[in-house]
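What follows is subunit A paired twice: with subunit B in the first complex and subunit C in the second.
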Partner chain A sequence: MQPHLKKAFTLLALAIIAFIFVRSLVVPLSFGQYGWYRGDALGDIRNFPVEYAGSASCGEENCHTNIYSVWINGSHKTVNCETCHGPSGKHVNNIREMPGPVNDSRDYCGICHYKRVARPTTFPQIDPAVHGQDMQCTYCHNPHKPWFV
Partner chain B sequence: MESLIWGYVYPNEVEIQWSILIVLYPYITGLVAGAFIASSLYHVFGKKEVKPVARFALLTALSFLLVATMPLLTHLGHPERGIEIMFTPHVTSAMSGFGYIYSFYLIVVVLEIWLSFREDIVKKAHNSKGWQELMYSALALFSYDISEKALHEDEKLAKKLAIIGIPSAAFLHGYVGFIFGGIKANPWWSTPLMPLIFLMSAIVSGIALLILLYIASMKIRKHAIDHKCLHSLAHYLWVFLIFDVTLEMLEIISMKYESLEEIDIINRLLSDKIATTFYGVQLTMGILIPFMLLLLVGIIKNRETLKMIMISISSVFVLIGVFAMRWNVVIGGQEISKSLSGTLTYVPVFFNQEGVLPAIIILIIPFIILRVVTYILPPWKDMEEEAAR
Partner chain C sequence: MEVTRREFTKIGCKVIIGAAAGSAVIESVIIRGTGAENSPADEYDWNEHYWGYIVDTRICIGCGRCANACKRENDVPFDEPVYRTWVERYRTKLDGEVVIDSPNGSIDGFPDDIPPEEVKKAFYVPKICNHCDNPPCVQVCPVGATFETKDGVVLVDYKYCIGCRYCIQGCPYGARYFNTKKGTADKCTWCYHRITKGLLPACVQACPTGARKFGDLNDPDSIVNKILDTERINVLKPDLGTKPKVYYVGLDREVR
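Our next item is the complex of A and B:
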């Protein structure tokens, strides 16, 4: 083989070796341990701090018992407190640490209640263009007990 | 929003995810494969008429190949993660296979270009000074042997590479077709004909691009056009147009004849959603008109300027038509709901990561690369020698 061709193929071989070397450095060791993903990812996820406390913790210990009893009997009982009020894990452990502001925008309610062809017709839906004149939904509707206008 | 939806669709379909950038991806890959196959007409099949553009076609293929992944990377929110598909590929992922086929093909094209330009590179290294000398010497890998024997060896290897190159070019683009053809949930995509349809339209678009670039570069350099070469390219364009239209029609006709459960939504797609881009642009403008014009080019004697204009118009129409074909596949396939009883509408935006502006920029970049590459490795000698003959 001509020397220039030898050089070219050596260069190509070096590039392939470099790729394999970089790959061996970049791909985490635990990759493929359980499946086609990084095995250590499971441990990492497990070690994330718990941010949500769960709706039950809002109603117990004489804190928000009134609003809790209204909510638990309403048709929004499947929408947890923290869905709108945000994660409250810290607040439950220390009442001085308040959760973030509640999301009460029209679009947020609309995630469930804007009219979509794919939704069952019995599910309450509105056309935002014609319903409520751009007012906040909570101006008329009580989110803790819908239909209690 | 409501006006863009017809019938029953699923909530997660409302937003069309594969935008104009994903239309561009098979388009650019197709131009690469087409240009390479045009160059192999000389390198493998020894068609001397196309020699003037053979090396230029390789450079064109490289310029477009370098940006082929760009639409995909721009489409990804995290382009830096794109390489991970190469690090941990899975056999069930068609897309990760593309990464390897792309890399293999890039190596073949670079080697092919290097071998066919090596004589020029060595001469340039001898005749230049300073940083140019260093650059050309590096490109020659500091080996300056351009003896008869060495060049003969180069030619032998280049031919072997071109022989490997044709199936890899076909594989590269057939594979893009396979990525769509293998999506069984979408009746507009799922057909084993898809790789072949993609390949034929790729060859057609590649030859059309080469014709236009050849005419444009000769006009810019104020040099006579080799009409024999031009007519030969036009002839191949015409032949591949026939294969292309046959396959495209075969798919539609068999779909209509079989009339499976998805036929209603396919009919609605063809008669409403993509009627203009399918019948108007893809078939009439992209195939029928160029077919007639190129037929006339074959019949008319003399009148070279008229024929050149007809070939240029055909090539422009073919390029637009093939783009429309990619559009009809990528966008059309997403405009029908998985429910098969509803349609959606894609509305392109201009200033957006997924918008028309990045698509235009990505489409301009290969021409800039081509300008740079032809500055470093001028292929004009072949073109001008042949024309002057």
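Our next item is the complex of A and C:
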């Protein structure tokens, strides 16, 4: 082989070896495990903490069984506990960690029940100006089982 | 050019060995382990599932509990105007003008800032990442930090994302945002940490009317397939060919 070709091929070989070496250092080990991404990312994302434990964890663990049985038979049974009471994941794991107090203002009930033009007409809505004389909704309505004062 | 038999054999051997070694090295480095069929964790097999999402715009009441729950579940900056899911309000006025808004992503509810007498048609449309089967955001990522899993969820690798925001530009649904806490692009994961444990996404669980439904498209008895089989459904921007997996019931033609 001619000497100038030999030099060129040696340089090329060195460049390829350097590229492979640097790449093996820079690219994470699990990259390409399942596709063109880092396979370990799936585990990272799956290990995020669960904040909303679900209504079942409130009533089926012998804790809030009374209020749970009231709620599950009322028309608010489609509204999960944590929709109003906030995330309970920390409280379920450690009962000393209490969730914050529930917002019992008229405006909070109104987030669902104030009369709004875009709401389906079949959904129960009230006009806050004429309904209830600025009293707290819970004065008349039981939020866990509406229509039973 | 004269070549002896010995030289010819030498060159031939070198070429064959070089070609074989070169292609082996390149293959082992570049295409390392693609198409591995095993699941990332044993208790959850992602080959068995293919997730889908239903939004029933006819029964959404615009309470915004979904957007609120999403922010709390996923540690989304609560006071910044960024949302993984949000609710839009569409109002057609008597003169035909369409007003679209989503104050604070619906978290504080929707005050009637236009007198109801002046509105002839109004409805809410919950929005969320469509988890496209042909996702434009994944195509444009320059580093492979966003991807579609085998069970059909589009995710972001927060350790690998360089925060170039190209995917935010690439999403035709505006479903991505820049997370200033993490310094990366961020988006809805369909609560991947929940659904792989058998739970529902936080927004679906928080919805008081059942306007949001989540289930397995592989399971013929799942709630999602039951609705797909019986209702009139549509997806957002079907002309883009992104093949969304969020299906809308009762979608108005004004919705973009």
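One rule holds in what follows: the second predicted complex is superposed on the first by the 101 of 149 C-alpha atoms of A that agree within 3 Å, B and C clash if a C-alpha of one lies under 4 Å from a C-alpha of the other, contacts with A are read in each partner's own complex, and residues count from 1 in each chain.
Here is the rule we use: contacts are C-beta pairs under 8 Å (C-beta built on N, C-alpha and C of every residue); 3 or more make two chains touch, one makes a residue touch a chain.
As the structure is a computational prediction, the values presented were derived from the model and not from experiment.
Colleague: Which holds for A:26: it touches subunit B only (first), subunit C only (second), both, or neither?
Modeller: Touch status of A:26: first partner only.
Colleague: Is A:11 in contact with subunit B, with subunit C, with both, or with neither (first, second, both, neither)?
Modeller: So A:11 only meets subunit B here.
Colleague: Given the touch rule stated above, what does A:36 touch, subunit B (first), subunit C (second), both, or neither?
Modeller: In the superposition, A:36 contacts both subunit B and subunit C.
Colleague: Is A:120 in contact with subunit B, with subunit C, with both, or with neither (first, second, both, neither)?
Modeller: A:120 contacts subunit C only, not subunit B.
Colleague: Is subunit A touched at more residues by subunit B or by subunit C?
Modeller: More residues of subunit A are touched by C.
Colleague: Examine A:3 and indicate which partner it touches, taking first as subunit B and second as subunit C; both and neither are also allowed.
Modeller: In the superposition, A:3 contacts subunit B only.
Colleague: Given the touch rule stated above, what does A:48 touch, subunit B (first), subunit C (second), both, or neither?
Modeller: It touches subunit C, and subunit B stays clear.
Colleague: Determine where on subunit A the residues touched by subunit B overlap those touched by subunit C, and list them.
Modeller: After superposing on chain A, subunit A residues 23, 31, 36, 116-119 contact both subunit B and subunit C.
Colleague: Please give the residue numbers of subunit C that touch subunit A in the complex, ascending.
Modeller: Listed in rising order, the residues of subunit C that touch subunit A are 25, 29, 31-36, 40-41, 44, 58-59, 61-65, 69, 72-74, 89-91, 108-110, 112, 114, 116, 119, 122-124, 144-147, 149-150, 155, 157-160, 189, 192-194, 196-197, 199-200, 202, 205-210.
Colleague: Flag every residue of subunit A that touches subunit C in the complex, lowest number first.
Modeller: It is residues 16, 20, 23-24, 28, 31-39, 41-52, 54, 76, 78-80, 82-83, 86-87, 107, 110-112, 114, 116-120, 123 of subunit A that touch subunit C.
Colleague: Using the touch definition from the top, list the residues of subunit A that touch subunit B in their complex.
Modeller: Those residues of subunit A that touch subunit B are 1-5, 7-8, 11-12, 23, 26-27, 31, 36, 115-119.
Colleague: Taking the touch rule as given, give the residues of subunit B at its contact with subunit A in the complex, in rising order.
Modeller: Touching subunit A: residues 2, 5, 7-11, 14, 86-88, 90, 107, 111, 114, 118, 140-143, 145, 149-150, 153-154, 157, 342 of subunit B.
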